[in-house]
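So that we are looking at the same thing, I have put the structure below in structure tokens.
Lettered A, B and C in written order, each chain numbered from 1.
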Amino acid sequence: MTITPSIKRDYLSKLAGQGKRADGRTFNEFRKIEIETGLFSKAEGSARVKIGKTQVVAGIKILIGTPYPDTPNSGVMTTAVELIPMASPDFEAGPPREKAIELARVVDRGIRESKIIEVDKLCLEPGEAIWMIFIDIHILDFDGNLFDASSLAALAALHNAVIPIERLRPDLEKLQDKFPSVKKYLEEHPTDYTIPLKEPPISCTSVKYNNVIMIDPSLDEEDIAESRLTVATDKNGDIRAMQKGLNGSFTVEEIKNIIKASIDNGIKIRENLYKSVGK
Amino acid sequence: MSQEKREIVIPSQLLGDAKGNKAGRGTFIENGKIYSEMLGILSKRSNYINVIPLKGRYDAIEGDFVIGIIQEAMASSWLVDINAPYPALLHVNEVPWDVEFGETEKYLNHGDSVMAKILQVDVEKKLQITLKDRNLYKITGGYITYIEPSKVPRLIGKKGSMISLLKKHTRCRIFVGQNGRIWIDGDEDGIARVIYAIRKIENESLAFGLTNRIEELLKKNIKDV
Amino acid sequence: MESDIKLIDDNGKRLDGRSHDELRKIKIEAGVLHRAEGSCYLEWGGNKVLVAVYGPREALPRHTQNPLRAIVNARYNMAAFSVDDRKRPGPDRRSREISKVISEALEKVILLEKFPRAAIDVNIEVLNAEAGTRCAGLTAAGVALADAGIPLKDIPVACAAGKIDGHVVLDLGKEEDNFGDADLPIAISPRTNEILLLQMDGHLTVEEFDKALGMAINGCHNASEIQKKAIVDKYQSALEVE
């Protein structure tokens, strides 16, 4: 386990008390964000996001599956995050532990609850066949703020994703013999097409230490953080998802300020995302 | 480093004949030939062929001054992270205080930093460090940063030229451990400028004329950069 | 696998236009990650592989430590999105076998005695897979180990040869791997031509095997040149900063 020397904690805390951050950013400033899409030919959609030195890739696989019994007309979406040992000397190989699971579930909720994927448009035959969308996120280089990097990578990959009619044509043709609605679907969608998406929510994470709040924590800042709050906002400035982490606390006032900073940064990041995916 | 032409060599690169040359640091001999075992800079001095590593973990040598971070306080010793492949042992007999059995935590705890000296490296690479020396102590205040151990000589400079430059222009106290850890103490502005200079030295460690460029940098106010 | 696809035509041209002893395009970049001590990103045909090296560091749990030398833990993993049908995350038996043979190949060239009780962890992540991932992974691992400053007797490199439609060819591509008659991935120490990894499945006569082995060794040497250039390029540029 990498140990942070207590001297470093004290120094960062002192800087914070003076309104400064170690890398010179303001409290409401994100590090440089780079978004690249369409990297992997095998994936139906893919993206790589860098926030500062943190680097994350996301891949989308789309397969034909069966719907959940209680939502027979809906496509299915799942999100998984792998904190692979490559990303940090402290990540161990093995099944996902709580950190990875929390990360995956928060990213998943942000996408699912915003209804960015129109799952009712992913039905092939009610009760029998639907499209399943798998979002797999790999952390490659860990330098703080995995929540926002993962969320952004998942969104960028989704914007880049196509329904693989061509690759799965043999399976679809078998289905259309059984189910007339699949036949109709194939007439409407004769070839690969991009997943229909609505406006994406953007996630912004802030941490608190020494009674100071800062957005987009670097690795060192995450190390000394007492509490953490992730807020996902949409283009109207409404809130779509929130998650508080770590064992410190926030005042109501602090939460309101974090929401405001998240909305402001959300607008800039959404612009960056649209530019990168060519919207 | 002197102004000799710097050549990068890679593992398995043939460097010379074992006949007439001596295999120095970072090399191995096979079938009468000397090869590089590391990614590094070739250095030939009076028939010795050496490879100065460009990267790699700290390789502890007895007598080295290092900065350690306490991992664990045990009954009569501490385990200390010195950025080597293994933690080092600091025994209660090797500190300037009178520590009772089981009272180690009163003196040094997880996360504390110390300036220490490598006391012993045994065959199995088990390491022991000591705090018993005039210049060694528990560190308080200031900031700790890190540079690749292979770049420490560049940071110190010929006869300390580079490090003196940093100290003079920033009025900071700076201690560079052979293990790549650096302690800086001074006012926030001074510390920020030292950190900035260290990052620059790290990125440009192989280039010529670095000392001059760093001097120029330090003469400016960091806010102008 | 039976198929009507003609993998190699009468002029000796393969599906992707290559001749029988031609390698797919290889691109290598060293030192691409910040946290890892050594790293390498490699593209080989349609394969995209990322390798990170940590170590030498204390081998944990303690009972895995060897008092005389370091141990090598290579972990080969395919990302869920790297293949046509999504792969469930986590090591399957195939990944574990590949991890083992790669670890063993690397152990031969790393100067392990210098680091008793330590571990060298090599993480091989396949981000896009298109036949020959274990060779791509090992070749990238060689670069990442050098990039990490780990003392090596040689930089290991891997390449495969095989047989398609009765012809012995170098570096099987996707369809060739699926519908071909034999696959022979190897890894060598290029300085000495010692074989560090060798696996074979399919059907080869002894003559065909000799031909395939010779071809694969040549392929390894070509890939080795690209590895070495990638390492030198990365650090040469640091020498020339203005």
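Here, a contact is a pair of C-beta atoms (placed from the backbone, for glycine too) under 8 Å apart; a residue touches a chain by one contact, two chains touch by 3 or more.
Fair warning: this is a prediction, and the values are worked out from it, not measured in the lab.
Looking at which of A-B and B-C shares more C-beta pairs in contact, the answer is the pair B-C. Greatest centre-to-centre distance from subunit A is found for B, with centres as Cα means.
With centres set at the average Cα position, the gap from subunit B to subunit C is 34 Å.
One finds 39 Å separating the Cα centroids of subunit A and subunit B.
Under the contact definition stated at the top, the residues of subunit C that touch 2 or more other chains are 57. Touching subunit C in their complex are the following residues of subunit A: 39-44, 46, 53, 55, 57, 59-61, 63, 80, 82, 84-89, 93, 95, 134, 136, 138, 140-143, 167.
Listed in rising order, the residues of subunit B touching subunit C in the complex are 6, 8, 10-12, 26, 28, 30, 35, 37-39, 53-57, 85-87, 124-125, 150, 203-207. The touching residues of subunit B, counted against subunit A in their complex, run 69-71, 81, 110-113, 139-144, 183, 188, 191-192. Of all residues in subunit C, those touching subunit A in their complex are 33-36, 39, 46, 48, 50-52, 54, 57, 75, 77, 79-86, 89-91, 121, 123, 125, 127-130.
Remark: subunit A residues 3-11, 14-15, 18, 20, 24 touch subunit B in the complex.
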